[in-house]
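So that you can tell them apart, the chains are marked A, B, C, D and E in the order they are listed, and the count of residues begins at 1 in each.
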Amino acid sequence: MPTAIELRGLSKHFGEVRAVDELDLDIVDGEFFSMLGPSGSGKTTVLRLVGGFEQPTAGTILLGGEDVTDRPPFGRDVNTVFQDYAIFPHMSVRQNVEYGLRVKRVPRTQRRDRAEEALATVRLEGYGDRRPHQLSGGQRQRVALARALVNRPKVLLLDEPLGALDLKLRREMQIELKQIQRDVGITFVFVTHDQEEALTMSDRIAVFNQGRIEQLATPVELYEQPASAFVAGFVGTSNLLTGEVAGKLLGEDGTFVVRPEKVRMTAPEEAPAPDDRTCVARGVVREVVYLGASTHSVVELDAGTTLTVSHQNTDRSIDAALERRDRPVALVWQRDHLVALAGGAPHPATTPEEETA
Amino acid sequence: MPTAIELRGLSKHFGEVRAVDELDLDIVDGEFFSMLGPSGSGKTTVLRLVGGFEQPTAGTILLGGEDVTDRPPFGRDVNTVFQDYAIFPHMSVRQNVEYGLRVKRVPRTQRRDRAEEALATVRLEGYGDRRPHQLSGGQRQRVALARALVNRPKVLLLDEPLGALDLKLRREMQIELKQIQRDVGITFVFVTHDQEEALTMSDRIAVFNQGRIEQLATPVELYEQPASAFVAGFVGTSNLLTGEVAGKLLGEDGTFVVRPEKVRMTAPEEAPAPDDRTCVARGVVREVVYLGASTHSVVELDAGTTLTVSHQNTDRSIDAALERRDRPVALVWQRDHLVALAGGAPHPATTPEEETA
Amino acid sequence: MTATSLEEPPAPDGPPGADRPPPSRARRRRPRPGVRTGLLLLPPMLWLGVAYLGALAALLITAFWSQDDFTGEIQRVWTLDNFRQLFTIDVYRTITVRTLLIAALVTVVDAVLAFPIALYMAKVASARAQRLLVIAVLMPLWASYLVKAYAWRAMLSENGLISWLLAPFGLDTPGYGLVATTVTLAYLWLPYMILPVFAGLERLPGSLLEASSDLGAHSWTTLRRVVLPMAFPAIVAGSIFTFSLSMGDFIAVTIVGGTGQLLGNVVYNNVGAANNLPFAAAVATIPIAVMLVYLAVVRRTGALENL
Amino acid sequence: MTQISRGLRAVLVGFTALVLVVIYTPLLLVLLNSFNADKTFTWPPSELTLHWWDVAAHSTGARSALWTSVEVALAATAVSLVLGTLAALALRPTRFFGRNVISLLIILPIALPGIVTGIALSNMFTTVLGVGLSLFTVVVAHATFCIVTVFNNVQARVQRLGSNYEQASMDLGAGRWTTFRLVTFPMLRSALLAGALLSFGLSFDEIVVTTFTISATDQTLPIWIFQNLFRPNQAPVVNVVAAVLVLLSAVPIYLAQRLSGSHAEGLTGAR
Amino acid sequence: GTSGGGGSSPSANGGFTPPDVPMKQSLGSMEGQVNILAWPGYAEDGSNDPKVDWVTPFEKQTGCQANVKYFGTSDEAVKLMKTGQYDVVSASGDASLRLIAAGDVAPVNTDLVKNYADISPFLKDRDWNSVNGQMYGIPHGWGANLLMYNTDVVKPAPTSWGSVFTGASQYAGKVTAYDSPIYIADAALYLMKHQPGLKITNPYALDSDQLQAAVDLLKKQRQNVSEYWSDYLKEVQAFSTGDSVIGTTWEVIAQVAQGEKVPVKAVLPQEGSTGWSDTWMVSSKSQHSNCAYAWMDYITGPQAQADVAQYFGEAPANPKACDLTAKNFCDAYHASDAQYADKIWYWTTPISNCLDGRKDVQCTDYGDWTQAWTEVKG
């Protein structure tokens, strides 16, 4: 498959801060590629380097095989949908969308047709004469998208384009965006810090941490086979079993992860005996959290840690789950579902304080 | 149970806009009460009325049984955590937290002790001397909380306090906030537009729509027994069966909702025959969306609508689900799990455009 | 229209690739940001850094020369005489102190007058009233300085409006003198204080005021503990105008100042009258030094970003 | 805003009204005196007349001085618009060595008393550079202390806007100049207008610096006024001119408000 | 001189030697324009009042376009002349010597000025307009610094400058005085008459002790001064509002005030007074000297003299103007009254070579006076 973007040894330092640290990355033509990671991990910086808004400290950037490292933004065949959309407030929606064609001196009539077409793509027919301040957040996001798409770039860069929307609207826009990407066939490079968003939309996901990629994989791989405690913790809720606890429960040293939905909770007396294929842990339910479609139970294990168990609310009443609070239970999961991690405990630099400082 | 807040016939109009429309509401002492609703539905306005920042157009506000409608903010025993935190930038963290005590002329030493205590409650010991600009978003949020809690108000009002945080931090703060509320026992009135947040944290939830409460219920009731299509659509993913489709599939007229996780997907040949207790619908899988802990399949029914089916990923491989794409399937659910709605189709005013305009 | 049409080749009526940047432009190496900053800065810095600073430097040099009192010719011989006179003759110290006091007083009066009206404009007035008030505050700036000063002269006179207004209270006009000078200068420079303070208060988020009253502070407490400290940089910004304009004034004081004279008069008399530029330059170093110190001090408050 | 109590609100209203009365009383007096038959406008006026308006209407000196002032103010404003905008745009990168020095330098001409600026520039023009004084030197002098008004307004706007819009423009294929023309400039327009208005006002009424930098043959309006106060029987005419100025000043302010989208921000640089 | 007499000996000014500046020998063709530096009211071109215009006729007659710049004080005139931009200036006596000494003005060839012959003889070859018998300008007009008082308040009518010096406390806070270092001469004149021990013979020739005595007198006076004045409007206003009731004035101010029905009178006190006698001088750097000479001739002609004198309010230098002025005008201003003129000590720039001819001491110069004046005002 041809590569749309190749990053080779790409670094960007701001003084002491290594925002991007010797990155090597290939993004394939036509792929929906996501960058996921905590605040400050360098996602935006990578995007800005590709877009040409920052000069790298070291390394090269190739677009469609061509070295564009030294080109200004207007010399690169990529377009960006900015996090705050950056819709020009002094222009109408149509003028915004036409902007890229106008500066490239596309004739007026052709410009207008293509703008209408792009507005149709994002389902905003008839909005051309509106002013940006008359649009809702979701509409603005779509104008930004149309403004970028109308240029038919090879690559579209999107920096948390859904960050400002409320949950319901966000879900709808996720589906729409994915649909548009499939239709136009352009490579999307999508930045988010919402794991669910990344999982839902992406062909591949790169998880960033401190300017480096911790793991680069498909959604399923990422969730089911996290490469590190950091990835396991950042993507989905994860239960870590480590050190002594791991020894006691699994008879093995090391650090293991098991996902909440892979664990089954039963009455202690109904639990099977642990064997080669099945793990069993006993404990007491400390907390039951209702999430609508599922219920999380937090269980304090006798072995000395807590595990979260997720349970789909296939039945209408969650009374059963609630009744278990403070009652002893047994947790059962298959040994297959344990993922052994290379590193040890979670990365020290990812406590919430420091992430957002 | 004593009521902390009683709103009687409360209205607030801004010119033509009825931001709050004849609201009656009782909030019980010590409860964690959430207001959920789309943008512009009046949540903030209610909070501002209770806080005393707006004068109602009509109606009365009682706090602990006392009519405070005409009192200024400083004459009401409630405190607010503002959406933008409104931390005083010219004061240190400690001075911010001490502010309420200082203006009430609490002696200096006592003030200091209580401020330290409040900072400890929000796990910010040792941050007293920092300046607000040296704090991360999550830390700021906690300072705002400490600054309100230190006054030991009867009621704490929180306007989307977690809106600005990223998903991971947000989840952590949700747990923390809930913990703090339990510890201090103060009534929390919490505004959010994130349904999952509301479900996780609240004792009761009021769903707002256009200045009115659509439904007031516990999380479980709200999710399992939505009173209207609007509530069903706003809280969780919902499958609507209405009109002809309902007639065909259920043999009944009306509008019905069934939650994706209540629907089981089987091979067409394995489907049971529909009966009094079981509903069966046939269709083709159009889309499979992997969400990590679960997978959503969108099925186009022969009866002429689409249903979303959620399936917990208890097994490691989702290949089975993916293989079903474009294959005929049968959906099975229990008639019990259907919720009949009073209204008809979804509320016209709740398309995403208008919600955020 | 569907999205797939976006994948079609460009419409036949446009040259293919019309929307691709021409290669020459695309290949142009980006100028280094430092170079761009430098190019942008060049004209203003030539103007201010070379021409204006050069003029000030030339003036300072002149302060070390002397003047032939009779012919008025400047004698380019280095001497500290001007400064010696400036520091040894009492009257110059008296005048300096008086000038600084008046400038400070004018600044305080303006701050006290400007703050409430700016607060009203920024946080109470409706959008419409706010617009009208901005006009009302700006309009006097166009009326001639001299005419306004003379209007005050008329008002302050023995039989003028002020004594007429104050008579019922058993008070009288302060007459011409330093009080009159302060009042007149405060009047003249008031808009220069109101505007930055208004701009500063406009920027103050309403939620901070709400937070304060939410935490139990009455309006006055909020004013004292939140609004004032936060508006302080803007007030200081305004004070740069009022202080420096007052310190340099020499016209208003001749109109309403009675027998009083300020530093500006000394400079003016020496350069405009006695034609003694060297001594005038030496006197001018006093306001220059004062303003430099003042700017250095207020820089910390962030006032310079609030002008 | 409910957090401003009724009591405080009343105080503010009262105070504002009082200050407005104080601001406008002298101006009304000027207007009144332009009709005062008494040449030295004693209070209260004994008799009213239109004579001075008639004399003023025929004063070609006043009229030509007015135009000179307008020309000078326009030219000084134009120069400050260019230089102030350039400086503000140049100082945009947030971490910039010498940034403080440069903003100090821009503020200096307004912060130093006019008489200092006046004699320094006059000395430079006549003795250092040896150029004769003219309207050109007045424009140079005025522009020097007007730059700051434009600089401040533009800088504040530029900071508030951030660089996103420009980046979006370049991202869409516009070069730097096209970006300036189509995006940066239109978005700075109201800030430029605010700066221009203040700059025009500063220059139009400037007398101190002008005294030292103007040639013999030129007269700006303030200089004309100044000289006529030294002439017998001219003071009432000056009052007429001033009254006309106050009334006319509403025009540019009104226009500016219209142009800047009728928002107070456009006029004061409130941001 | 007798009672007054502004230095009657032509060579009294200490015989300083002016720089060698060539004098114009003959007239050539007009240059088409001339830059005039004048007291306001000396060169009106109708721009302020179309009825007040004697510049336009000049332009028509000579084809010299006149660019007029006005100055407010003598010192300003000196400063402006240094720029070399002006061809001709109406210099008062406290400026003229400075201009001569600095070489800013050239000797004037009076033969080339037709109207010079008609000028009152007592204005020719005086300290302030000539050096060693060489005229440096053409006399224009003169006036005395009179004592003006409010007739309602000041009773009995004052006859001596003492009422604004030693007797000033009677009108405490209502006394006014001219705002310029040259006002020191008024105090010196008073001391000359009342403290013979100081041996002042010319109020413009003060040694440092004499200057100190004058300064002390002025400092005492200041305690009673309401304000110093330097423009017409200020003084007329002050007398009409009653903020000032007594002080030094110019005839024209008194006339304006009386025109406004202010109860004031102006007198020439017994000590005599200081005064001004203005002289048109030509710049040594003049680019338009033919037009400048044409202007000097024009402005000293009878019609222009009459116009200026009546507009500005002073005595014309050319007595022929009196035929063209309003009745009694010249009498009111004592235009041809050599006796009256002799009581006036005309403004002259103090220089270190004592103007009274003393050789044994250094006199104080204008720089000293400027500083002293700053100290007087405090």
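FYI, a contact is a pair of C-beta atoms (placed from the backbone, for glycine too) under 8 Å apart; a residue touches a chain by one contact, two chains touch by 3 or more.
Note that the structure is predicted; figures quoted are calculated from it, not measured.
Visitor: Considering only chains that satisfy the touch condition with chain B, which of them also satisfy it with chain D?
Guide: A, C
Visitor: Using the touch rule stated at the top, which two chains are linked by the largest number of C-beta contacts?
Guide: C-D
Visitor: So, comparing C-alpha centroids, which chain is the farthest one from chain A?
Guide: The most distant chain relative to chain A turns out to be E.
Visitor: Once you find the CA centre of chain A and the CA centre of chain D, what distance in Å lies between them?
Guide: Taking the mean C-alpha position of each chain, the two centres sit 53 Å apart.
Visitor: Report the inter-centroid distance (CA atoms only) between chain D and chain E in whole Å.
Guide: 39
Visitor: Which whole number of Å gives the spacing of the CA centres of chain B and chain E?
Guide: One centre to the other, that is 90 Å.
Visitor: Using the touch definition from the top, which residues of chain D touch two or more other chains?
Guide: 2-3, 5, 41-43, 173, 175, 226, 229, 235
Visitor: Of all residues in chain A, which are in touch with two or more distinct other chains?
Guide: As it turns out, chain A has residues touching two or more other chains at 52, 72, 74, 100, 104, 151.
Visitor: For chain E, what residues touch not just one other chain but two or more?
Guide: Answer for chain E, listing residues that touch two or more other chains: 233-234, 237, 241.
Visitor: Inside the complex, what are the residues of chain C that reach chain E?
Guide: Of all residues in chain C, those touching chain E are 67, 69-73, 85, 89, 91-92, 94-95, 150, 153-154, 157-160, 175-176, 254-255, 257-261, 266, 269-276.
Visitor: In the complex formed with chain D, which residues of chain C make contact?
Guide: Residues 19, 21, 25, 33, 36-38, 40-41, 43-45, 47-49, 51-56, 58-59, 62, 113, 116-117, 119-124, 127, 130-131, 133-148, 150-152, 154-155, 157, 159-161, 164, 187, 190, 195, 198-199, 202-203, 206, 209-210, 212-213, 218-220, 222-223, 240-241, 244-245, 247-251, 264, 267-268, 271-272, 277, 280-281, 284, 287-288, 291, 294-295, 299, 304-305, 307 of chain C touch chain D in their complex.
Visitor: Within their complex, state which residues of chain A touch chain D.
Guide: On the chain A side, the touching residues are 51-53, 72-74, 78-80, 82, 84, 86, 88-90, 99-100, 102-104, 147-148, 151.
Visitor: Residue numbers of chain D touching chain A in their complex, please.
Guide: So the residues of chain D in touch with chain A come to 164-165, 167-176, 178, 182-183, 186-187.
Visitor: Which stretch or stretches of chain D touch chain E in the complex?
Guide: Contact set of chain D toward chain E: 38-43, 55, 58-62, 64, 126, 132-133, 215-217, 226-235, 237.
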